[in-house]
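Below: the structure, in structure tokens.
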Amino acid sequence: MDELCLRYRNWGRWGEDDQRGTLNFITPGVLVHAASMIRSGRVVSCGLPFDDEGPQRGGFGGRTNPVHSMLQDGGDIALGAQDHLAVLRYTDDAVSMPLQCGTQWDALAHIFYRGQMWNGHGLEHVTSTGATLNSIDRIADGVVGRGILLDIPRHRGVRWLEAGQGIGAEELADCAAAQGVEVRSGDIVLVRTGQIAQVRATGTWGEYDSGPAPGLGVSAAHWFASHEIAALATDTWGAEVLPNDTPGVFQPLHLILLVNAGMTIGEIFDLEGLATACEEEGRYDFFFSAPPLPITGAVGSPINPLAIF
Amino acid sequence: MDELCLRYRNWGRWGEDDQRGTLNFITPGVLVHAASMIRSGRVVSCGLPFDDEGPQRGGFGGRTNPVHSMLQDGGDIALGAQDHLAVLRYTDDAVSMPLQCGTQWDALAHIFYRGQMWNGHGLEHVTSTGATLNSIDRIADGVVGRGILLDIPRHRGVRWLEAGQGIGAEELADCAAAQGVEVRSGDIVLVRTGQIAQVRATGTWGEYDSGPAPGLGVSAAHWFASHEIAALATDTWGAEVLPNDTPGVFQPLHLILLVNAGMTIGEIFDLEGLATACEEEGRYDFFFSAPPLPITGAVGSPINPLAIF
Amino acid sequence: MDELCLRYRNWGRWGEDDQRGTLNFITPGVLVHAASMIRSGRVVSCGLPFDDEGPQRGGFGGRTNPVHSMLQDGGDIALGAQDHLAVLRYTDDAVSMPLQCGTQWDALAHIFYRGQMWNGHGLEHVTSTGATLNSIDRIADGVVGRGILLDIPRHRGVRWLEAGQGIGAEELADCAAAQGVEVRSGDIVLVRTGQIAQVRATGTWGEYDSGPAPGLGVSAAHWFASHEIAALATDTWGAEVLPNDTPGVFQPLHLILLVNAGMTIGEIFDLEGLATACEEEGRYDFFFSAPPLPITGAVGSPINPLAIF
Amino acid sequence: MDELCLRYRNWGRWGEDDQRGTLNFITPGVLVHAASMIRSGRVVSCGLPFDDEGPQRGGFGGRTNPVHSMLQDGGDIALGAQDHLAVLRYTDDAVSMPLQCGTQWDALAHIFYRGQMWNGHGLEHVTSTGATLNSIDRIADGVVGRGILLDIPRHRGVRWLEAGQGIGAEELADCAAAQGVEVRSGDIVLVRTGQIAQVRATGTWGEYDSGPAPGLGVSAAHWFASHEIAALATDTWGAEVLPNDTPGVFQPLHLILLVNAGMTIGEIFDLEGLATACEEEGRYDFFFSAPPLPITGAVGSPINPLAIF
């Protein structure tokens, strides 16, 4: 693991003060090229609804589904509680939620390896008042660029991958080739396992929030690093195959790619509509926009990722 | 007011079941044209940080600044609280916040006029469990398209507009013309008053969260409606000039444009960086992406709006 | 139902402005007598812990278990985050919780019958900003007095009552007599069904949070009213037998006793330790202190009820 | 400081596993004697309302006033949102609050001195998931006993003490003597500075939440320890005089009394009504009941302390 981490380590590559990691691969030129992906004007959201029907079932300590509450609503208007206002009546609301309870980006401050996070910073930078470095607000002008979908179940000819089934570097390459998509530096790569389809087919989240899952195997690290991928995301809670294929190391890609390579990782994406759209559009690349909320010091952010064809 | 509301009323225009209003102006063709705005690859966020230094000062009932809390942090790692994990260590967090405490979109369920919201629906659709119609999740595949900035202080040659100074239809047209920007159907229009610049210059939010403000006057309704604008946003808490220029009616544009025309309204945008970018880029149009969080039944959403040149 | 409500209605009995209802039965003399219950100095808490292992399982809309979060903790100290303080180091925390998610008092504003709550007040007094009348803070100087436990399972010779088993006026009287306890005006009566014992024996909350339960039948109304009971509480989520023994009326005792008689009702009490203590002490009366948190405008309050022998 | 801490250290006095500290002074006999204080049946709450008008003004990092929200209210009933229920209609609510934002007890896990809290336990026992030792739920069967009020402003003949004015051991003794109150082992001592009266007279909380304050000086340690006081509380945010009279040590009594002697400390009590009651009743001792909410792992608890004459 140490060797893999060192092999793909990008610390210092964009300066000692860098807090954006591989998002730096999204150069202005990359973004201009990404714009050329918008050709049919079709928009697909890859975000799950944020509500109490979400994936959290208590499996991941401290993560609950969002709690939405109304500060003012139609009932207040009906009862005259806003009669001090001239003509206009309004509603207002609030939410309380773990930042990674649904569709989300991990900030580079989300993972530590041997006491260090991205660019070598220590534990003292993430205390109860938040992260002073590598927090999600440091990538407030992202994550936007060219997106590509690697639809693994379609490639395998199955409805979904089962928990425990891993996806390695070779299959990623094969899938891209079969889909006819050229992978470029600065791409944002979405890998579909179909686990959301399985949840819908079975009618239950089961252990989706923290349990066994299909996902990326450790060999995928090479593929992501060598292609200079800017960010990756999947439709599972933790992106990686679980149980991991690395005995003695939990979630090795988070250590290799997020901590060492500086790659932002997205999770709990809903890629079902996108898979359908790609098939219908006949292409697996698109413009992709998923700006995180710039919550100061946060180590993750709920998002609503949009793919635009 | 009744006459103005009726004049610009779009109820039924996109079907009885429509919950997207003027976002329907953003057709696939509009979106493809919007992509042509991306020419230099520069990205500017128009979102304020979400934290306890935000604009809320208790002036608007029930709205507080966000409360961010850590579920796991570096201290837990330091104390060995994650030693049951194999090698990987992580941080995690949560937020509790009014949905309109910072940079945000109003949902079409946010405002009522004579007991009705967009498309004629009644109060019973927004109760303590949220909105069953016109909620923010109904526009989850938006808000994205061509954005234009109308920089009013620059047009007037001042640093910022003072509270109470209104912006009418004529000035919007003049400003657009002076900036050399052609307004098109489906545009998302950002109007800068400079109030955020004033806050920064004076070092205090003052009554920014609910008090007197520069902003749009009621005559602006005609400009927005006749140009088939898809959405509008400003850098103030309520978009409109306060005190309003309509004695006896509070926030008339919300009634005319949001309730009757079906126009999504954004508020508390930070347009300072965007104004600088527009000046430097020599143009006031850009690709604009500001997807709301699809919080089920919510009447607003915090956002991180991106302008891309 | 209308007849029962009218029969036991106390509206106006303690004045038109009264917001304390039957707590008025706890006169200074009652309180002085209650003090004479303290003879052995044994204290028993009847409160369940407030945490994420609590009874809420999503059955009751909007009620979740408490979410506890740390604002400062040992990890912050370890990492030096408090080194600006001179010698002292501290921890700090917060909670977010539905007020009736665990051991709690219903405020008199918690229940409405035909559009009215205690003392005849209407719906307009409980809006999204809270209750302006009959809220829990109006009984901030209570609930304290003489408590008595009616241990129904022990009386029946069973470990616990099963869901659907009701307790009527006669059984309450019989149980009190068998226990040798004299019921007095102003008493606070705790009725044990043993459902908490069942939860512990089975190792699961099951439908405890909102489902079928043992509890008081509608005939109990007469017993509580005629004895001038000040407040009642049980060890179930809703105090009453479920399904209710009144077809067509949900939770009739809440309508009769809380709305009409003005009786504060407590729920989700843990009466297991108290039952043991009563048996060991050889008496079923004690000093009882369960002050609600004076949350302004709240319609309920979490509590930690203490019985003192 | 080290010497004072060691002098009053009670670690091990009630066993290595003790988590109740000086509350152990409240023996059954003490409690029975305390009951004899109830002679007139008058009840006085010493709790401030918990609402957004509370003392927090942002001065103490992370502490805000409580946020109360409604889950169901009269408006929902008016709009028919509960028409699926048979006859009964209800309201429901929630709160989100720092546990020490208002009237509260510090848990023994609230303060650390040289990496140790009460009974010598280390930092690793208070992480982001709460305190595993000395948390507030460990004193769920307290805090109840005989209370005494030492009304310092009345003793001095002033309306209130000014910020920075300290109260030493000698004055505590003098005040008790002047009031004719005999201090006994196991007493709960409330010390009034009158700062709440000052807040009300001036109409502003000012820096009440974290700033300069009247309060106990370091010499008070001897008085509290030698009298075997069970718990102490004041009407200020931090109990101690601020600035502290110990250069180089912040809040020394917290270190001496809470960490080393094991004394639970209460803060932000409203002692105004109690002062009036004591004067009218002609005595400064009473029965005192202030049970904390047993929030698992919490380091403090909001309370509603009752004094009963």
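For reference, chains read A, B, C and D in written order, and residue numbers begin at 1 within each chain.
Assume a contact is a pair of C-beta atoms (placed from the backbone, for glycine too) under 8 Å apart; a residue touches a chain by one contact, two chains touch by 3 or more.
All values derive from a computational prediction rather than experimental measurement.
Can you give the shortest number of steps from chain C to chain D, where adjacent chains in the path must touch?
The distance in steps between these two chains is 1.
If contact pairs are compared by residue number, which of C-D, B-C or A-C agrees with B-D in over half of them?
Same contacts by residue number as B-D, out of C-D, B-C or A-C: A-C.
Regarding the chain B and chain C pair, does the interface count as same (over half of residue numbers shared) or different (under half shared)?
Comparing the two copies, chain B and chain C contact each other through largely the same residue numbers, since over half are shared.
Count the C-beta pairs in contact for A-B and for A-D, then report the pair with the higher count.
Of the two interfaces, A-B and A-D, more C-beta pairs touch across A-B.
Calculate how many whole Å lie between the centre of chain A and the centre of chain D, each centre taken as the average of the chain's C-alpha atoms.
The mean C-alpha positions of chain A and chain D differ by 45 Å.
Mind checking the centre-to-centre distance between chain A and chain B? Centres are C-alpha means, answer in whole Å.
25
Tell me, which residues of chain C touch at least two other chains?
In chain C, the residues touching two or more other chains are 61-62, 67, 69-79, 81, 94, 96, 123-124, 127-129.
Quick one: label the inter-chain contact graph as line, ring, star, complete or other.
complete
Could you list, by residue number, the parts of chain A that touch chain D in their complex?
The contact residues of chain A facing chain D are 61-62, 67, 69-71, 73-79, 81, 94, 96, 128-129.
What does chain D use to touch chain C in their complex?
My answer: residues 1, 27-32, 34-45, 47-51, 53, 61-63, 66, 68-75, 77-78, 85-100, 109-115, 122-131, 137, 140-142, 144, 248-252, 254-255, 287, 289-300, 302-306, 308.
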